[in-house]
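There are structures below to look over.
What follows is chain A paired twice: with chain B in the first complex and chain C in the second.
Moving on to the complex of A and B:
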């Protein structure tokens, strides 16, 4: 594919070539040898187009499946739908309360993000700006938790969340946390806490000491200085941590799929909704595709709007070790 | 205001511990304590019929049973003769998946990073397009590949069958499903490697390349003697993160081929728990998963130390 494209490209650019009796490939080769920069340029365009097609094509095809009517699903083409039925995007809300699943996912992601931002702000301030003896040991233990797979924590947590606790009885029907949003956002807040701590630690450590000292001299408390001076001045960092936490919690599978029974009123998140279209008698492929497109829109928009934040957050989180 | 006033009078170390308390409380309840509990559960006997899932203390018998293949777990289809112990199958699947996915993601991520490192019109939008797969929910990534390789809807199943690589229903065949899961993961996570490699590329002083060009270095030599050594530390850290993440693989398998077809370590924990109610054996598998990842991280950190010592 690449050679043909390059040949085409060269043919288009062949205007100032004096030797007319050469074949197309030879002309291209001669040109590339005399002007290697042009060869690099051509390879670069081919590579760019290749990466664009491979990353975006699956979404395009998903739309083709969603638009195909149910009885024509075996005739979905590679580039064309097997018919035209935009009604699938309405059907996903009538067949199942898919909006409720999306709402559950949003609620879980927002609550987890708020918890993570608050707790990680306190911890990030300590690790980024204070000096005390046990700092490195504690920072290492935060890092270590992000190494372990969620499966290593799952058996005890599953037992804990299924146990009936008397104190919770007034709050939950049966006193257990299973089938409540708590069973999802509490573990996820903890598991995604380290990433936000690292991001905020980096940002908070870059605020000049003078600003904090000035606020303290003016009579602000220590915590006041953190939330009135450090946090507002690190707004881009807080936004980065927030966007990344929201996306990772919204996208999570392990706890989200195991901590509820999958019914919308049990606070099952969006992923259960999509998998529910694998109905009892028939797999509703077009509705699965339509539901996937609807559920991916929020994150896709977030990526487009907050691109810089995501990039800087991912690199900061990893480079910090 | 009382608690805040109290905080003002404390030393910096005490203040630090107070601020760290919520974070460590959360981590202790969700991570540290459950990890220890998993280990202590794994030393107990299974009780599949009794109301409590755990029996008496039996030491390391669960581990012995797992390693010798005597553990009673739902059998998987990877090895039809049932000769290979299930734990070894899971270990093989997990390690093979981690190594292959990280290898391909690094290579493709490098290509994407080099493209994004150029200055061209529309660079911002190309970057968005390359990042989007990384930001989509696992269940949707799984749906895309589930539909593509479904014999009724997907074109990829027919195509792969016609060129003789896959069988007629790839999502029920262990090898075919493994490849599908691998491709799906590479599609989604190459962007992560690309972003980290790009950050490494952009931190290189461009003047070095000018010096190299004046000294007559070819592009390959520039890459080998300038680019590679300078981004090696960042690259190794990125690979470490990806390896840890790849070894946790669960959701993608669960939503495409199913945990019975492609048994990863995390999958095995869940099937042991849900299908056979063997909580103690599940705990042993879970703890072994953590140990395997821990050993891998250690190996990485040792090699990372060596390269850093070699560079500086």
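Moving on to the complex of A and C:
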């Protein structure tokens, strides 16, 4: 071993080496390597700041815009509003029936979520718990359908929903689904079904067979066992699938705007309502901002509620495998 | 209270036959045990009785009813599972009353029956516990309470004690026998543990490879096994088998020969047979008075001694040239059962005798029993 090697070894054994001539970055990197916890903390702060800037700051700025009176919109600052006018949050309901738009979107999202959870539960049960031929082919085709761009379905669906269908006459005034909530939640439920099927399939497949057998012996049908035992025990999965579906449908614009004429009584959705604050000569940015904030509330409430419902680890310990 | 009849039950999975043409009559009020090695089809048979799987062929009746195509809930059965299978999101009361609530019993009746069941399995005061807060034995008792609360015609138990520790298992075994006496219901019990089968059952159903081997009371299976499989499976430690051939004066194998008259025992010279003798029917030569009818003495070498407290197992080799097999008892090896204070050491040369009254002969090709005594 040469003298140089020995000197290097001696340097490696020393933990702090203040006399070593290193650049600032190099010294910093050395410190991070010897103390990885600091590196993790630094990464955490970077990620947090990035999240705050990209996600929460626009939301904050939305609030600033909403609070700025209409005539001072040009002077809205980056961190402070250009005045104080909380009246915008009332005005959005008086200028337009914005509550109706929100109600439309909310109802459509709720119905779509219920449909998706029900159908995806049945499909998830079959794919997750039964063995049958062509299972993988079927599963794959469900997956592939979800890859299609929604626009691919739009033209045929729009033609179909604009047609007068005689058997629907007792239900709809003119026998056409255009301008009804059906025209929105039917295609949206179908589009967002595959994702929920996959989520629920994974959860349902993990419930031990013994529990289902026990339920069936005790007096349920297979379907009864699904809804009384398997679904409650998969609560986290059901909540996840439900929240995802609700949020996607609630925020959906493409189908919802094209399947109605945009009037609130035609079941136009919330996004359509926000855009309605754009007049012929003037864009009411402060009202649009206020409306956007109000529109976020149902989703925010839902997520908070669902989070409390998500109780995991229920199955732990009750079944010995 | 009902009898159960299986007629020509066959269950086929793609290319595996799990149960092969099974015919069985289970009497009203009987405690019957399906026993066999794992994968022998005993659980599948029980699942077809429960209705959890449908048989490929054959029919099942419970009492007078043909239940072959009925769903499990309409068969008048209840079941205790190996993995206990309590519903984790329900407390004890909800678990036990689940079936009654589904059947829309009125609240008073439900409470009365749940109380009664809880009393039988000693679960009072635990009604609002969650399954995960209970010990293995308590959970098992909840599962049993859930099964008895509906007062079923037939009780199915699929290895209910397999997941309990040894001490609790023995305790629950007597509990189950007491329960059977109290309820007087038909109980079908599945286990791979022949000790449970022996101790609890009115009759044992021995199954191997999906085929019924013997249906008989425990002692009959022990004393008069129908074939070599039953002989080897029932009884612990297992029976010794010596393979050889019938000659003019009796049986001859590489290490032993036993004198008997082939004609009177239904074999003929030249026939390949297996001799079976249980460890407890082999004695040291000086103890030969303990055998009802001792054979002549054989030489053997003591290989390994296993003192068990109330008895001692001795693994013998017929001569010093025999190599002890690593997998079970091989050729030239013999296991015998001795009283614990027998004065022998490992490596000793000893002489042993067998009890002719308890020597079994099996046909080598078919495995069927030919005789159960050489007297």
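Keep in mind that, in the parts below, the second predicted complex is superposed on the first by the 250 of 321 C-alpha atoms of A that agree within 3 Å, B and C clash if a C-alpha of one lies under 4 Å from a C-alpha of the other, contacts with A are read in each partner's own complex, and residues count from 1 in each chain.
The definition used in the following text is that a residue touches a chain if its C-beta (ideal position, glycine included) is under 8 Å from a C-beta of that chain, and two chains touch if they have at least 3 such contacts.
Small disclaimer: the values here were computed from a predicted structure and weren't measured.
In the superposition on chain A, A:71 contacts neither chain B nor chain C. Contacts of A:206 after superposition on the shared chain: neither chain B nor chain C is touched.
Applying the stated contact rule after C-alpha superposition, one finds that A:56 touches chain B and leaves chain C untouched.
Of the two partner chains placed by the overlay, only chain B lies in contact with A:122; chain C stays clear of it. After overlaying the two complexes on the shared chain, residue contacts for A:221 are found with chain B and with chain C alike. One of chain B and chain C touches more residues of chain A, and that partner is B. Of the two partner chains placed around the shared chain by superposition, chain B is the only one that A:285 touches, whereas chain C remains out of contact. The interface of chain A with chain B overlaps its interface with chain C at residues 221, 224, 314-315, 318-319, 321. On the side of chain A, the complex with chain B involves touching residues 44, 47-48, 51-52, 54-56, 58-59, 61-62, 65, 73-74, 76-78, 115, 118-120, 122-123, 125-126, 130-133, 135, 138, 141-142, 145-160, 186-187, 189-191, 193, 197, 221-224, 247, 250-254, 257-258, 270-271, 274-275, 285, 288-289, 292, 295-296, 299-300, 302-304, 307, 310-311, 314-315, 318-319, 321.
On the chain C side of its complex with chain A, the touching residues are 50-52, 71-73, 77-79, 81-89, 98-99, 102-103, 130-132, 136, 139, 146, 150, 156, 163.
Against chain A, in their complex, chain B makes its touches with residues 4-5, 7-8, 12-13, 15-17, 19-20, 22-24, 26-27, 29-35, 37-38, 41, 111-112, 114-115, 118, 120, 124, 126-133, 135-140, 143-145, 147-148, 150, 152-155, 187, 191-192, 195-196, 199, 234, 237-238, 241, 244, 247-248, 250-252, 254-255, 265-266, 269-270, 273, 279, 282-283, 286-287, 289-290, 293-294, 297.
Here chain A touches chain C in the complex through residues 208, 210-211, 213-221, 224, 229, 232-233, 314-321, going by the rule given at the top.
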